[in-house]
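Take a look at this one; I'll ask things after.
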């Protein structure tokens, strides 16, 4: 019985790292409610399961240890779905996303795609993200084809990559399209999203412990929340494209 | 990006920052207190003759100087309750877990500081005190500790101030102190100048108060008769 | 989640970890070296009679003890190049920026440690050395420094070991050292036990080596004639 | 070794302290090579001898500040150091020693004042800590003792603010104020000015008259003559001669003593 | 104040050191109250006086270890401390003082040996650092000097491993090895055993014979008689009497001296 396994009976505890608007952040910057697409969606999930929601703010390195140790039931905080992660945890995808590039206003370095226009450029990425992986792979392609490589600098938080771009340390930063939109909306005078062709083939997922009784329950509930339009409403609230909600509760 | 002073003052006097500072300060103070306690006994063990205690202290200091705080915090918060069921209760809060981890860790550092302070007390001092019939405990309390304190104050103040900033690591076990709050704000708004400037003000105030306390303590331990006005302390 | 020893060993001997450890170690070593240098002069200034230098040292120590490392790193990396165009060049790498920030910061801490060590040297020592005709510099080099070293070794070793772990903060300016590498590995795979265990092994090895060096240094500064076999050091 | 020839005072027949075949090593250095003597209650013995001969070491052993290697020391007939058969001894716990030490006072060659306490606090310190006196009584006694050594106007000064002579006088007051059964003095006047030496020696003479048992390492011939019941000549870790002062200073039998006395007188 | 009556040796007419109206305060304490005297090259003067009278302070001032408040000190006719008009003086820079100090050696009441250096390194230290001798020569000279004070077998020992007497002898060797023009001794033998006192005093006598100018705080009457050209009686920060030793010890005029000598002799 999955209800017996809850950390606190009658409550769904979500470990969340509230440093990634519009997905999760504090309502007034440093305090107040944790809001954002993930926060609201997990709350909707709890409601669907007839539970109370508890958002447990935990910085990134502590998320999965807390899940494993039974400090929380679920980690719903804008984590990508990947095979490596699925080897140790159950994932339920909920939103499609893709990489975008933010550049200085006017795109002076002419970054138009995630392939050869990056060669010879200086790019910032959040460390160990899939986006960083894209840069590393493209760097190899650049070098293999005799072009200049990409100078990649990795920062722990998105806000620091923005700082590096604003201070001219890099020519562009790579971030999920969701993140890109948020960054530009807050720095509209100086930054813009690079236009051109960009990939869109990754998904955000909520994670549960491997083999948890909760996993199929969450999977079913998320499917329902997507089909009944609850998540679409939340997406609109945060200027996200409801089209990107995954219709298939695919790989686990 | 211009400096938005309105945002700055808002942040500076926000409840979240005040609460964050209170958590930093109380966590650091308690951790440092217990660390001094642990560290003192570890130092005594290491300088003493009992081989079991001596090697225990040696291994402890070795291990806890090596282990990164982040890792120890994760262990204390996530792994320990699996071994000790009592810790799964509500009362075992992130604050308590952080207090445990930071005290254990800092204890190893304080042990080394106190060991060197004890060594700096002249041997003749303990000899004279023992000759007066004091027990080892009395020698410690009446003669060695007052003298080592003088030497130990500045490095201990160092550790304490460092600890106040170190508490930010506890965000990994969902404790939200000052610097974590600032980081949250920056992530939400990308206005790092205002948020970090506000945090810096807090740190400057806290450190100023501590440094005043430190210099008062040091004066108290200067061992000059207070009746004298012009203190000639040539060096 | 079982412990996957294959992954553990892979990580342990991976180039990324080795490189990360090399960065931690070299950054910590260089920062500590410069910090001792700065700190020494700051300590001398603070103990000296020149009022300008004295208050400069006081303000420096106050400010740099208060400022969080994270913030100073961001300032040195992002703000400083805006003031000093030369720093916008390629050669101003994250490593150099981190070295600058950590040396400046740690200098304030070392100043306090060295000040207390200098104070612990008996006044009669400088008196006798001056009477032999030594200049203030010679008194420092030949008499005070060798004696303060003994007292300063344990807290300095503390700082150095702390510094090795502190270098992980430099990840905010895109320097990827040991703990950052481990964190990256964890976020890519969620396999934190293996990654952090591998990092811990590195730290244990590094700290063991440092502690051996420390105890060698301390023996060298025990001031007992080496000809004697049974060292009686009663306390 | 039967060179004992003590003026035994009436009423004091028990040996207060009895040192038997005591040996001491520092590493491989053989410092004390079988030291043997006793002091009856009320007696005063003086020790003379060259530097490095082990005089201070012997006093530290009697004060139980260091363990004997072998041999034994009896205080009031009780074994306080070493094994009863005089064989190689194991060090005792410090707590036991602290209790045994309480009848014995010691004044050091170097003063070893507590730098963090003022003159009067140095003297009070043991009274309040060890004897459990209340602060006011302890303070009064201490001030009185400081006045006796001529430091009535320096009671609130810290050691670092006192001249060498003043420091040594505080150290002596600190030991005397505990009024122990046996007093050990390790060259108590060697850092004092002649004027003050006499004052301090007067205090010590008064103590002797009041029946205090004392063992004094000193090179003050006058003092030894007036006060000591016996003078021990100490050389290279051994007592080479023990005589009443008259005989010791005028007609010593040992070569070593004769040579030594040339320098003293 | 014309109580100077020096046995001036032929060939030495210049005052090597000339102390004029020197005053010194510690905070509000008036320690030296106008001290006035000179020593010609080759002369030896002894200072006697009670504890706390300021003898050590005077020596520290002459050794330029502390600034004078007012008054002046001339060395070889050159002003080394104070203003030429004797008015209130500002402290000099330590670098200048270090150079001026090089002709003056000092031995302290407390030994102040460097604990991190062995006996021979303590003695060598100034030879290599200040005089720039090469290590081998410095070592040889130092060993020689240690042998002269009877420590040939202790050269590699550290201060903490030496007895009080042994430490003081190292301190004396360390000062003597620099062979300065003027030697200041602050009770150099007060912590030494009688036997060794004689040895050390012999060294000092030899120095005096070789023409060394010396100022010695001492209570060794024999030494003062044999070696000093004049003995100064010091009390409460003033020289109250200055006489050739014969007269000083047999027929002093000042009350204070008479009283003091009662204790010494």
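Order of writing sets the chain letters: A, B, C, D and E. Residues in each chain are counted from 1.
One rule holds in what follows: a residue touches a chain if its C-beta (ideal position, glycine included) is under 8 Å from a C-beta of that chain, and two chains touch if they have at least 3 such contacts.
Chain-to-protein mapping (UniProt): B, C = Polar amino acid transport system permease protein; D, E = Polar amino acid transport system ATP-binding protein.
What you are looking at is a predicted structure, and each value in this text was computed from that prediction instead of being measured.
> Note the shortest touch-path length, in steps, from subunit A to subunit D.
The least step count works out to 2.
> What's the overlap between the neighbours of subunit A and those of subunit B?
For subunit A paired with subunit B, the chains in contact with each are C, in label order.
> Starting from the Cα centroid of subunit B, hunt down the chain whose centroid lies farthest away.
In terms of C-alpha centroids, the chain at the greatest distance from subunit B is E.
> Mind checking the centre-to-centre distance between subunit B and subunit E? Centres are C-alpha means, answer in whole Å.
Taking the average C-alpha coordinate of subunit B and of subunit E, the gap between them is 50 Å.
> Averaging only over C-alpha atoms, locate the centres of subunit C and subunit E and give their separation in whole Å.
So the centre of subunit C lies 46 Å away from the centre of subunit E.
> Where does subunit D touch two or more other chains at once, residue-wise?
110, 160
> Which residues belonging to subunit B are in contact with no fewer than two other chains?
Residues 70, 74, 123, 150, 192, 228, 234.
> Quick check: what residues of subunit A touch more than one other chain, meaning two or more?
61, 65, 68, 157, 163
> What residues on subunit E touch subunit C, complex-wise?
Interface residues on subunit E, with respect to subunit C: 60, 63, 65, 94-95, 97-99, 101-102, 104-106, 108, 110, 112-118, 125-126, 129-130, 156-161, 171, 174-175, 178.
> Flag every residue of subunit A that touches subunit B in the complex, lowest number first.
Of all residues in subunit A, those touching subunit B are 15, 18-21, 25-26, 28-32, 56-59, 61-62, 65-66, 68-71, 157-159, 162-163, 166, 183, 186-187, 190.
> Considering the complex alone, what residue numbers of subunit A touch subunit C?
60-61, 64-65, 68, 82, 84-85, 87-89, 124, 127-129, 153-157, 160, 163-164, 167-169, 207, 210
> So in the complex, the part of subunit C that touches subunit A is made up of which residues?
Contacts found on subunit C: 1, 74, 77-79, 81-82, 88, 94, 171-174, 176, 180, 183-192.
> Contact residues on subunit C for subunit E in the complex?
122, 124-125, 127-136, 138, 142-143, 146-147, 150, 221, 223-225, 227-228
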